[in-house]
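Heads up, the next two complexes both have subunit A, just with different partners, subunit B and then subunit C.
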Partner chain A sequence: MKSQMIDSTPGDVLSARAAYNERLARLADKTRAVWFPLAILVILLVLPLVQFVGNYNYMLHLVLLTASYVAMAAGWNILGGFAGYVSLGHNVFFAIGGYFAGMILARFGISAIIMAPVAGLVAAVFGYAIGLITLRVRGPAFIISSIAMVMIARLLFDNWHFVGGANGVTLPAPNLSSQWAKLPYYYAMVAIAAVTVWSSYRIKHSKFGLGLRAISKDEIKAESAGIDTRFYKVTAFAISAFFIGMTGAVWGEYLTYIRPSIFLVILIAANMVLMCILGGKGTVAGPVIGAVLLVAFNEFFVAMMGASELNILGTGVIMAVMLMFFPLGIVGTLALKGKLPRILNWD
Partner chain B sequence: MEQIIQVTILGIGLGGVFALMGSGLSLVFGVMRIVNLAHPSLIIAGAFTAYWGFRLWGIDPLVMLSVATLLLAAIGVLLYKIFFERNAKSATYSEMTVLLTFAIAMIVEGALGAMFSNTQRVTSPSYATDAFFLGDIFIPKGQLYAGMVSMLIIGLLAAFLKYSRLGYAIRATTQNRDAAALLGVNVNMVGLMSFAIGIGLAGAAGALTSFVFSFFPAKHWEWIAVLMSLVVMGGMGSIMGTVVASFALSIVAAFVGAYVGSTWSTMTFFLALFLVLLFRPQGLFGEKPELL
Partner chain C sequence: MLEVRSLCKHFGGIKAVDDCSFKVERGSITALIGPNGAGKTTAFNCISRTALPTSGEVWLDGQRIDQLRPNRITRLGLSRTFQISRNLADMTVLENMIVQARVDGIRGLFRPAISEEERAKAMEILEFLGITRIAYEDGSNLSYGQKKLMDFGALLMSDPKIILLDEPAGGVNLSLLEEIMTHIRRLNERGLTVLIVEHNMDLVMRLSDKIVVMAQGRVICEGTPAVVRDDPAVLEAYLGGADDEEAA
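And now, the complex of A and B:
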């Protein structure tokens, strides 16, 4: 036995390690329920059929809203969850995507659904540039700089006459009967949400994602282990900006107007953070669960009390309670106790 | 020339108020290492206290200042007991407390908005719209009084920190929490007291703010970045640095407002915050990079 180990070549070691890793991966596959998110996706894709038997516009609107929240939260999670850089300013990219696609629609009449990937790329370029500057600091300083980013963006958009200043721009509405008007946006948003969640799964299981997780644990050690932390962080920033920018593009056309006061308000940035904390930062399923819960909470608050101030109050209370008692979120806490149901294990 | 003097005077007037707003934030960060994003929302709570005192009973905001200070200090004790005492040993303390204070800011904003609605308000004692004239130069009385009271309070705070026993303990804890604890300072008690004093200062600043600026519950988001720029530029935890930074930035902002356009004057604070964070994160007067 001993001699065998000495005789073994590097190739043997590598293949043994590969076999071992594969066994671990098979074990993880057994506890993971890939079919569950796929089943949800299929249900969501056929859900609009209910429009044939009645008017369920409000339900479709709620699903669409949830899908947009899922996309934003999962996008935020790539930087805030995997890399551990909490940003309270990611709605800047929501605004950049919305404004870019909205202005293209207003000027050239190209639908934001087609332009969404381009809008995402524009947001990603801005994200890369801003990330190069703000990711030089970490912890509380990064959070403060992200708030300053929103304030600067709000001031610029409020005073930029080309995009309508504080009044914004009204976008043309689609020529569809009210029964079907929501469908293009519905499918676009569900697709964006699905792509975002799938991408965050792929990123988490890549070398890149491993590097990001190392950064979130201990940046100095990650750097000394040979990870190009600066490149990793800035790329993560750009990727998360990409998905949020795409969401903003479709959201702007869906609302048929773009205005600083719908994109650049702190509540949107707060919601992104809250959804991830609620579901579990740094997990794949966390942002999805957080988004579903947040929409449910909001519906409940509006139905019960009907005031946006109480909505802000409720958001704050939930966030504080989660932070104090379950800082790992629902998925994280359940996984820590080994009680995570299989259908919620997407990692 | 006269316009330059005029703009400088207006800048100094604002700087006095901002200095008091920022010093409480700085004190809390120095002792507790909490970046208190809820500070501006608590300032608004103080402003509402002064506003209702004036509206309902006609009490001068400068008198209501004492009530607002005590009320907010009591709220500070409550917040500390509920949110921060139990988390002091958490590994992700600094990041978690930022998010917690963010949540508190939303709670305060939502509560104030639900009770008093989101309309613009301002307390209007007779001096709020009055001014002294020196030749062609005018000095608004409201800002003058507010600035003087704020300087007085900051002077008292400085004396308290310098000469009282609790002040010694607070300064020791700011310099090195563990060493202070080893030397017999009850750091938990010091944290509680400094948190109460810091939030009390927010109440005092709110009472002054109530007749200098118009305010509404959601306004505090604008102030977060403004106050953070003052505190970061002064070196987090250094109260004198905060005071110097608020005068410097307010004067620059007044000039930007006068010569570039009034919409852009707040941009001064945001850009200063960005530049300081990037090139000198320890602030102009800080000694070591606390935040990195």
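And now, the complex of A and C:
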């Protein structure tokens, strides 16, 4: 029997191995569907043309809302998905961005859309500073510290008279007819979302992203591999704060008022986390899919069940069921099974 | 090249490493042995700063390193493996290796994760270890022996001057053991200094130039394999520990 094996198999084994290697190499180097997100972007850019034939403000609002959540979820994903540090307090940076740009608008009349990158930088500086403190712990302790961050921020903003305390500040509305009033914010938000997703793609495929992934798997190993884990983590924290801060800036002016109860509610932070988990933490397309689905579920259940608390129940049940079938998120689970449709392969 | 001076590591009242001093000469293979609980791995962790020493000094090439962070130590040319292979799941073997490669400056951070030179270098190392076939395999899908070899390969990606191997032969089969020994010897011939923690006496005796024996956190004997083999204190530590246990 032994001689038979030796006689008949070497060639077969070698060719089988060669084929197997080739398949793995192909899988590792698979082509991405870059055209698909670009096509979506183009569609979104020409979509406002529908305003010429009617009033589709509700639809534009929904796209704007989705885009803002795409930006926030993709920003959150840089820390929570790549580096594995789940934060339930990232709406603090949403608030910092919103308040900074909102106060500039209220005092100096400079549009938040122009100030958005600056607001993002301010949020990033705060993110860096906060990260230096809270990123010393990991796991459940880090999650709790992030919740504490929201509570402290809420307390501060509620009692800070310069920014209007709990009543907030009303911002001037743009001098545009209601037909066109949403457009500047629409384009700003779509642009921020696109830049965020593109950046998260670039980060994932950089040395920095590789280091973050190593940190999320085994921090001690990553550190002994020569990665400056503290610097990587804090930088990831700052970058994710930057994108969320930009979103907050535009969101504040879009709503025409800034108030702690808009920005500093746990629901916003929870939404970012849920979107990433639903779509697939640590993937590029995941936060986008998650944001689109979660906003869609919310709107659907609000329409079906009314804007009471009941619609949240509907969304919750859907989430629970989806996660039973897609434990790693939609993109993550499909990729693991090798069934990810090419149009969703943005990684 | 590596010098440990009166290193201590205490966990509460337990002195895991107690006033431990030894030297590793450049270009040598030095083994750190001792009965279970002698403090070998703890000493290792203190040298690579995975653990913070309670007191004592560690010098590498005339530079004191016990105050530095582990990533700095790795960059200075001291790399280690772990007793229980710590590989990164959901990352391919290639990525597991390249994560260990040097990254320079902020600009370097945002370069593509795997450059062609790094890929070539990693493949060359995998070739050296004879495991190129698993380059694109997920790190968590490997057999125990493959993980050991991958750890070994990842170590070499950081261009170390000295490598610390924590039980490279722990739990591997005999043929792989021979393979690993050959690799260690070949690397040593290329000028790499090696410090090994190992239980396998056969490997230690055949491979090392110098042996440091630890027992209860202290160095009890130091010397060539021949010297250590005949040292009464070593025999005492390995075979006649009954009195000590009662005393403790």
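By definition in this document, the second predicted complex is superposed on the first by the 301 of 347 C-alpha atoms of A that agree within 3 Å, B and C clash if a C-alpha of one lies under 4 Å from a C-alpha of the other, contacts with A are read in each partner's own complex, and residues count from 1 in each chain.
Simple rule for what comes next: contacts are C-beta pairs under 8 Å (C-beta built on N, C-alpha and C of every residue); 3 or more make two chains touch, one makes a residue touch a chain.
In this text the structure is predicted, and so the values were computed from the model without any measurement.
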Partner chain in contact with A:224 - subunit B first, subunit C second, else both or neither: second
First (subunit B), second (subunit C), both or neither touched by A:209: second
Partner chain(s) touched by A:151 [first = subunit B, second = subunit C, both, neither]: first
Which of subunit B and subunit C A:315 touches, first, second, both or neither: first
When both partners are placed on the shared chain, which of subunit B and subunit C touches more of subunit A: B
Shared contact residues on subunit A - subunit B and subunit C: none
Complex contact set, residues of subunit A against subunit C: 17, 21, 24-25, 27-28, 202-203, 205-211, 213-214, 217-218, 220-230
Complex contacts: residues of subunit B adjacent to subunit A: 35, 37, 83, 86-87, 90, 92, 94-96, 98-100, 102-111, 113-114, 117-118, 217, 221-222, 224-225, 228-229, 232, 263-264, 266-267, 270-271, 273-274, 277-278, 281, 291-292
Sites on subunit C touched by subunit A in the complex: 48, 50, 69-71, 74-75, 79-80, 82, 86-92, 94-95, 98-100, 102-103, 108-114, 133, 135-137, 154, 158
Footprint of subunit B on subunit A - complex, ascending: 86, 88, 133-134, 136-141, 143-145, 147-148, 151-152, 155, 158-159, 266, 270, 273, 277, 307-317, 319-320, 323-324, 327
